[in-house]
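Two complexes, one shared chain (subunit A), two partners (subunit B, subunit C).
Up next, the complex of A and B:
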């Protein structure tokens, strides 16, 4: 055996005992723990869950009204959007208990009879700096509610409201997917989602800085 | 969105300085309309915030020739060359922007990180820095306008020509199937508050709006015009010393300019 061969053999032995087991396993376990914390534990801890004051079935109501979503979620004459209905809109039908659901009983007894507004938690509430014109999207661009809000009209129950503990915003803004991957147009409600659609539909590029649509289109 | 003449909108203001009495109603209206924060002690003007500020200028002559003039100063919404106003050019955060649709210089508070380059670039002192988080007197937070977002410590703010009123007016117009706004549908709060009617606001490109003709007045001038900021706020005064105060002239320069006009 020459010196050269000896050296090679020695190096090979050394590699076999050093790289095996220990450090690599340690690294893999560490990585798994870190990923687990980052992708599972942290998102769970990040959002607090709140229940709505009482349950509500969109699909049940949708079957009873004439004008679809706009029957209750309507435009005011000045072009502003009413959003979640107030007691005044519900009272037309719900002055007394109509059906047999326990939720309706809660609604009528706790809120209608006492004249108290329902403190609904609003899933799609945007931060204060956002100006969203429903008129521009629904009346001018003729978009359907589902494009941003999803098939909420077919839901039988209200999901828990998840609030980001750091920002205070609803989880619907970031979306359910913690990686931010979206498969539907209604999966997220972030600024990038607005901007993507605006670019796609060719909203007038009036910004000098970005050569896209200007900031003062959606901000206030 | 273009108006009927095919020209984009360019909102601006014409202020008649002969009518301004310096009452300060525009300043008050602006503060309450736009949730502008204030402190118990506002005597230090270097750290207080006023989007609309009324300056007092004087001709500097001794009695009985002394004359005063009050000059309300909102953001000039400079167009510069192709929308490159001084502040927009220097902003490293894209927090301030010029819209070619309305001619309004926007300030996005959530985007601004408070470097204050724009304040250095603005020759009109129209920009203000929030040195503190706003503190509202007890109960006053309930009377804040929901149409204007409140600002936090560490960012710059300025006059927006009450842009939220434009948004609301456009909402109504879209609801009625229109794309054009009437002159009266979008007016800033200072314009409406002025008791002497010194401020006129409208689309400088639209012949139907009063400002279109008013800005052509031979007595109309803009502040520091020669800097090339191309501001959209015009001032009108019949008094020569007031017009002369709108810029800095070296000895004899103003006289030459007047002679050239004749």
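Up next, the complex of A and C:
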């Protein structure tokens, strides 16, 4: 190859580069793969999906009880919150099969008759390091259940429970949106969300000692 | 297009930028931080309904009321029960750690029998059924008949009465109670007041406290109550004078510490009585014989020579004691885990009697023994010294319940020899303690948080009171209430017992009061104490300091055990929470420390932290030296409550191999009234 020829080749290469071919393309490919991983594959991989023991319709039950959510999710005598109902509460109505749904049959036969508690997976369970008092929020601050839990009372089915593979906690704490963006108050249940609401409502004196919001109000 | 190094770099940069623009790094950081705050292997109590169950702690004779917090079926915390007459919301370290004795690895989980090919204490067991176990015991006891004996930590309440009834059915009088200062109190009160009584002290109302070695802050009486009384004294500025050879916690926190030669407390008490009588400070009459002995033999100068306390101090003590309106004199070494001589008890009783405070507010009460168990048919009463230390080798069977003689009695070797002579030993222990390990068969009782039991007469309490210990949780293992087992065995042997189960026995024992007892957890009774007679008869044959075992030429030093609030001295040993609090001047890593005065140490060329061999006529141990000005020269103090040898698999690192059991070095020195009044033993020390 003569000198001239070499020069031509070099110029051609240069032209290609100048047109923004290789590096930018690869940059974009890299970017696209990473974005795909970060936004789509990662959330899928992070959460495992579990099914509840059997399906349950909140809306159906809501129509049958007198006292709204508190009919089943009640406060105990000592003011503590009972959470998800135990068999003892359900038995009042479901001693025997009442309706015609296959779910109820499973419930009565597998659990009620055998005296076995239903191992419900709880969407809104906070990590163990969090102390949360329902009484303070519902009884004192008169908040509605929906503010944190959303319109679950109208749901006809139970969605799959998504469990974070690292922490073991429910996806509903971080929220469905992997970026952590929320449009409703009930979309997320992270500490910042608690803090936002406390700030908005001017909950300052939650600590008697400091008359401010303090870490140990929730982290005992 | 050419793919070169730059392309890969671009790809990498693009990938990096993409990841940074995705939620992945932030979410991962958040998740991993949550994960690290909640290690999945950290135990967290189950969520659920929480409630409190009130019961009575039976880990020591204190009888404190406890409130156990439960979440669903799991007990998660033991707290003091507010308003309880003995402990009013207070609780001690051991009581607080009781859950580790419920859920810890120390339990005997099912009936067990020593394997035929194994010797006693080898730890080779075979699991047997309750039916097999009970019929074997019934058969063996049927053979042993009146050669059966039983040892327990208490002789009051329905369970001891069931054992006594069983023995009576067998024609055996051999019921023993582990010796303690209660023996001295009961004997002294029987002799002075004329009726069977326990000693009660109205601590809360006293306005001057003169304590002859009582470890008020070491676990004396009902420990929580005594602590509370001590705080009350501080608030009310009640003077507390502690007379003791060693600067104990009680001495350090008292208003005045009076070091006294070990074993001469009774002489000091008599010296004070001498001043009270001679100076006309006495407010009540006592027997002439007592006055005569004291007036003739216990002038302050004489007493000063014996006790090492100056005559002027003795006179001063007597005057300030008499000047108080409700002075109270106390005795019982340390926690009161060992008896003291009858004369010492009588001498201290006399100080109270001379001040007219017997059965009076702020004074010493002779609380009548509980007599609510009408069905008991018992004539059992025997002493450890005869049956276990004596020459008598006729025992054929021994039942051990709520007691651990192989650990808690002095002279471990002698106890072992005695046990070796008994062909059949049954342990009812919930735990694999030293004696259980040495048994032939173990019929494990429910642990104290799983069972009903009446708990009469908390130590040192001045009113008749019975507490109700009740099941807080369901039995965790295949254990059985000892009451039920004894009833079943007694029935199998044809004994007459009106009850089929322990629970009916308990209910019917209390009859009409059962409901109220269930509800309140305590039963109190009014009692009108008879006027004291003033009768005090000292045993003249023993009016000299107790002679300790050992020749002073071969054993120039004196070893005294001491108690600590952080060492329970319970038969089970310390749960992990408790052992973690023990000072490194008591237990250094796994080595037991002895307290020795720097002067004594110097003559042995020992410095702090050095190892030495401590030998007594009974045994020998390697110890670590702790130089301490608070112990007299020539005296060595050694903590009581260490050196447990737990016998369960897995060799628990919190209990096993920690120090030495001081009882291996101790002997006995019986006072003429049959009480082992040894306050120590002669000893020698060598560098190791």
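Assume the second predicted complex is superposed on the first by the 193 of 220 C-alpha atoms of A that agree within 3 Å, B and C clash if a C-alpha of one lies under 4 Å from a C-alpha of the other, contacts with A are read in each partner's own complex, and residues count from 1 in each chain.
As a convention for this text, a contact is a pair of C-beta atoms (placed from the backbone, for glycine too) under 8 Å apart; a residue touches a chain by one contact, two chains touch by 3 or more.
For clarity, every value in this text was computed on a predicted model and none was experimentally measured.
Once the complexes are laid over each other on subunit A, subunit B and subunit C cannot both fit and instead clash. Number of subunit A residues touched is higher for C, counting subunit B against subunit C. Shared-chain residue A:199: touches no atom of subunit B or subunit C. In the superposition on chain A, contact is made by A:129 with both subunit B and subunit C. With both structures placed on the common chain, the touch criterion links A:42 to subunit C but leaves subunit B unconnected.
With both structures placed on the common chain, the touch criterion links A:140 to subunit B but leaves subunit C unconnected. Look at A:50: by the touch rule set out above, it reaches neither subunit B nor subunit C. Contacts of A:80 after superposition on the shared chain: both subunit B and subunit C are touched.
By the touch criterion defined above, A:214 lies against subunit B but remains apart from subunit C after alignment on the C-alpha atoms of chain A.
With the contact threshold set out at the top, residues 78, 80, 127-129 of subunit A are in contact with subunit B in one structure and with subunit C in the other. In the complex of the two chains, the subunit C residues touching subunit A come out as 1-4, 6-19, 21-24, 26-28, 30-32, 34-35, 37-38, 40, 44, 47, 49-51.
Interface residues of subunit B, counted against subunit A in their complex, comprise 1, 8, 82-84, 88, 91, 94, 96-102, 104, 106, 108-111, 147-150, 160, 163-164, 167-168, 170-177.
Interface residues of subunit A facing subunit C in the complex, by the touch rule stated above, are 13, 16, 21-39, 42-43, 46, 76, 78, 80, 82-83, 127-129, 164, 166-169, 174, 178-180. For subunit A in complex with subunit B, the residues that touch the partner chain are 75, 77-80, 127-129, 131, 133, 135-136, 139-140, 204, 206-210, 214-216, 219-220.
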